[in-house]
Amino acid sequence: MKSKVMELSQAVGEIPESNAHLALGGFAIARNPIAFVNEIIRQGKKELNVYQTVAGMDTDLLVGAGAVKKLAYSGGSLDRFGRLERINEAIDQGRLDIREYSGLSISLRFLAGSMGIPFIPTKSLLGTDMLRDLIRKNDDSIKIETSPFDGEKYVYLKSLQPDFAVIHAQYADEKGNVIIEGPLWDVEMAKSAKKLYVTVEKIVSTEFVKRNPEKVAIPSMYTHAVIEVPYGAFPTAVYKAYDYDKDFLANYAKTNKNAGEYKKFLEEYVFGTRNHNEFLEKAGGLARLNGIKADPVFGYKA
Amino acid sequence: MTVEYTTNELMAVTASRLLRDGDNVVVGLGLPQIASLLAKATHAPGLNIVYEIGVINPDAVEMGVGIADPRLWHNTEHFTSFVGTLGHVLQKGLIDVGFLGGLQVDKYGNINSTLVKTESGSRHINGSGGAADIACFARRILVIMKHDKRKLVENVDFITSVGHLRGLDTRRKEGVPQCEYIKIITNLCVFGFDEDEKVLKIESLHPGVAARDVLENTGVKVHIPDNAAKTGEPTDEEIYLLRNRIDPLKMYI
Amino acid sequence: MKSKVMELSQAVGEIPESNAHLALGGFAIARNPIAFVNEIIRQGKKELNVYQTVAGMDTDLLVGAGAVKKLAYSGGSLDRFGRLERINEAIDQGRLDIREYSGLSISLRFLAGSMGIPFIPTKSLLGTDMLRDLIRKNDDSIKIETSPFDGEKYVYLKSLQPDFAVIHAQYADEKGNVIIEGPLWDVEMAKSAKKLYVTVEKIVSTEFVKRNPEKVAIPSMYTHAVIEVPYGAFPTAVYKAYDYDKDFLANYAKTNKNAGEYKKFLEEYVFGTRNHNEFLEKAGGLARLNGIKADPVFGYKA
Amino acid sequence: MTVEYTTNELMAVTASRLLRDGDNVVVGLGLPQIASLLAKATHAPGLNIVYEIGVINPDAVEMGVGIADPRLWHNTEHFTSFVGTLGHVLQKGLIDVGFLGGLQVDKYGNINSTLVKTESGSRHINGSGGAADIACFARRILVIMKHDKRKLVENVDFITSVGHLRGLDTRRKEGVPQCEYIKIITNLCVFGFDEDEKVLKIESLHPGVAARDVLENTGVKVHIPDNAAKTGEPTDEEIYLLRNRIDPLKMYI
């Protein structure tokens, strides 16, 4: 049986140098594929087209690093820690080809992609300025149509099957069965991609998978590669594994307000480290990670 | 009412009382969550609370910093996806109440949570997330916001979430599902919308608030009759629950 | 808090005497809502419009009892025990307004209903005689259209929201959170209905639900009523609770080949019993039920 | 090959060898399941087996009476819905091989599993279930059936599952996704379809079967060249596995 296990650098190496279409699975401060994103930045990928339901630190990092040409999303934040200022500034300065959706409408595009159907009709987006802007930009993902069944006006949302999707999860086996603890916001996105990369806290046996079939959020046939990266979402939270690192996030939320400060952050934490373990060491290493370990009952640092 | 209360407490109580037992509500962090938990602890024990990230009816023991904070997910009844909450439960029409906030709200109840225009251009803030969808599909909309001339405006800079659009029946004509009502709860008053024209109107002034306070802080012309209703005051029990059970660390009240 | 718990006779009593639109959750010989169906027959409901992905004994019983006017489904069987001969005969004799789909196409109609969208486009059904027949009957659930995105031919399947859906599950709490063990073929159907009735082996506490959130297949807001009916799917199987009763099924598969034999079965087992417990007693009672108890490891009688 | 083998064993082995490691297959009960398990036990350990009812990669220890039999679900990797298997995995194009059976198959590989015409009208049998969808979306189609003049016909009475429709490129023109191939494995031979016209052609005769046996039992005119290939015989290992590990109770072999 062919194992889908890869090394992180090898996995990121499969992404073209330029112009890849990439969906990311983070949501504000939870399960952001930080290790993967940092490696994308280290390997100098450029002109990325990024798709995401609700963005977090992952995409802010990528945009800040100048790696993103086009972003389709429904907004995002660092929750109460702050805003995605690298994204906001890039939009304000017109440096990013921005396509804004509502959370549901971009999720439905992923859903259609995951089902292999050409589009999904919805009332979502009608009347909004997101819709007006998409139309103004001649975005090809949107058509305003009248349903042949009820004669009502709908937005037909084009199916989205990004070349690559990246999520971070708690567990997967070598075959690519992915176990996610907690909410599953990113599942349709993950299943929509042509190639799904899953970074996980730990690679587990298929026996463990079979003991927990209800926790398998993504069956193996959707998965292209499984990459073991413990603490791969640090400083964002992985339910039942570790909490977000509030000091690191608060500091990042200060840093990302200013292009110069952000650049220093990038130099030190991303370009100044060769891999995720070095990134974690730079952030404080074991002492810091021990401080955010999840309580087994609560799933966060209680 | 015998104890003093803060404006945030009054806002939470006011929102809480608009929730009915058995309602399904979509909430975000902060006052909406506080109001929902208060309703659940008082008159609406059968309230179902949905967080768009994919969590239904958790029992949090700690407040979080956002819906992506695992503190909010503790002891949940169901985990699902973004499509599971907004694409199924909400879009099917099962959500009775949607809570929203925003940078700006206009006289038709349209909400901007995406960007503000400045002299030099525009400044992008957060984007929609599920807010546009909640405004589209929930039956009753409760907007909770700070009362500020620059936030309650004639026309929002950007319509993230459709309210009554341009008033009258423009929302329906645009193809957006009808809602039962939109109400705005600020630190000064409660606004509703006129039955026909669908423009902002006062529903009640908070205790101690004068009509002038509202007029001076509202960027929209609004008529306040002399006999404007007063917002009901919190009961001792509500305040007790807020302070001791629901937000003991006073993160939001 | 309003409990959704009902008695079976009361629940069935909510269905109009005639012309109700009803979706059923059984699949061949697994989790058929037999108790509910028998009570429908006892209460003499008529002219039902029934919707089902893959039918089992449940719908064969209803059709045999003359309660069904119209059936939309993708076929069905009693697996190797036999065929749904009451349905087959009614079709052959032209007594049933039959609308045949593929399994996926009718499931997608339920999916659209569960999502509140007007239709779903699919390639499913193209080229088949099921499609030709549906068009010949001017069935309003089907339109052949060209997708405005890829210019390809698709079947647009109209959303289906039946007035009532009935499924049998292992557990639910009083609020209506439904726990299903094993495959979830009926979930979209259940979520599509205006009113979902769930018969369960046991009503459990919400605390139990919260200990197993991953097993909640249907959150409470979809559920209209929860009805505790132990062995409510007998003689079909309920994974982890009890096996199918192979003798009873084999006998039914003989009985349903002949209108007269079937009528005798109905008189004895359905009209001859006042409720499901009496039905179970008639079938052999405790001794019989003890004989099909599921093994806790295998989920069937090992 | 030193041991004797049954025709069913030969058919299972023949189907098994058409499966490749890493293939995702949708199977039903009986020979398809046996063939898949044999492939998994030999050259294709990474085979993923999908049952449309919502079960992926179980490890059954007992044969069942159908896909709704819990015996088939034991020790599964994933439970999902009918939409989850056929609407997502299959419709997205992730299924490499779909196994089908049927009452009738015609010279274009169309399958009827719904009804047969009789002098007095028609007789409804089982209906499609997921068969139509599997024929529509799977990349390679393997039909396993008994060789019978009344079952291998010019035109099926009812097209439940589209094969090559009316030959040539009629399938594509009808809007049905293209498949890589359709093969029919009977108790006498293996059929494929002609590259251009898409009509039935012989691929191999089973050991000991004469051209005449096929011609006499086929309701379609089919050319069998003198040098027609022979279906490969089972190995001792395959037979051993079938009899001792995969179907020890000989329910299907």
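A few remarks follow.
In order of appearance the chains are A, B, C and D, and numbering begins at 1 in each one.
As a working rule, contacts are C-beta pairs under 8 Å (C-beta built on N, C-alpha and C of every residue); 3 or more make two chains touch, one makes a residue touch a chain.
All of these numbers come straight from a predicted model, not from anything done at the bench.
Within the contact network of the assembly, the step distance from chain A to chain D comes to 1. Pairs C-D and B-C differ in how many C-beta pairs touch across them, and the larger number is found at C-D. Averaged C-alpha coordinates put the centre of chain A at 28 Å from the centre of chain B. Chain centres here are Cα averages; for chain B and chain C they lie 40 Å apart. With centres defined as mean CA coordinates, chain D is found 57 Å away from chain B. Counting only residues that touch two or more partner chains, chain C has 117, 122, 152, 154, 214. Residue positions 79-80, 87, 91, 137 of chain B each touch two or more of the other chains. Of all possible chain pairs, those that touch are A-B, A-C, A-D, B-C, C-D. For chain C in complex with chain D, the touching residues are 27-30, 53-54, 56, 73-77, 79-81, 83, 87-88, 91-92, 100-105, 107-108, 110-111, 122-130, 152-154, 182-188, 237, 239, 243-244, 246, 294, 298-300, 302. Listing the residues of chain D that touch chain C in their complex gives 29, 51-55, 61-62, 64-71, 73-74, 79-84, 86-87, 90-91, 113-114, 121-133, 136-137, 158-162, 165, 171, 174-177. By the touch rule above, chain C contacts chain B in their complex via residues 1-2, 113-117, 175, 177, 191, 206, 209-210, 213-214, 216, 219-222. For chain A in complex with chain C, the residues that touch the partner chain are 117-122, 140, 143, 145, 147-150, 152, 154, 156, 158-159, 214-215.
Interface residues of chain D, counted against chain A in their complex, comprise 21-22, 24, 45-46, 48, 56-57, 59, 75-80, 87-89, 91-94, 137.
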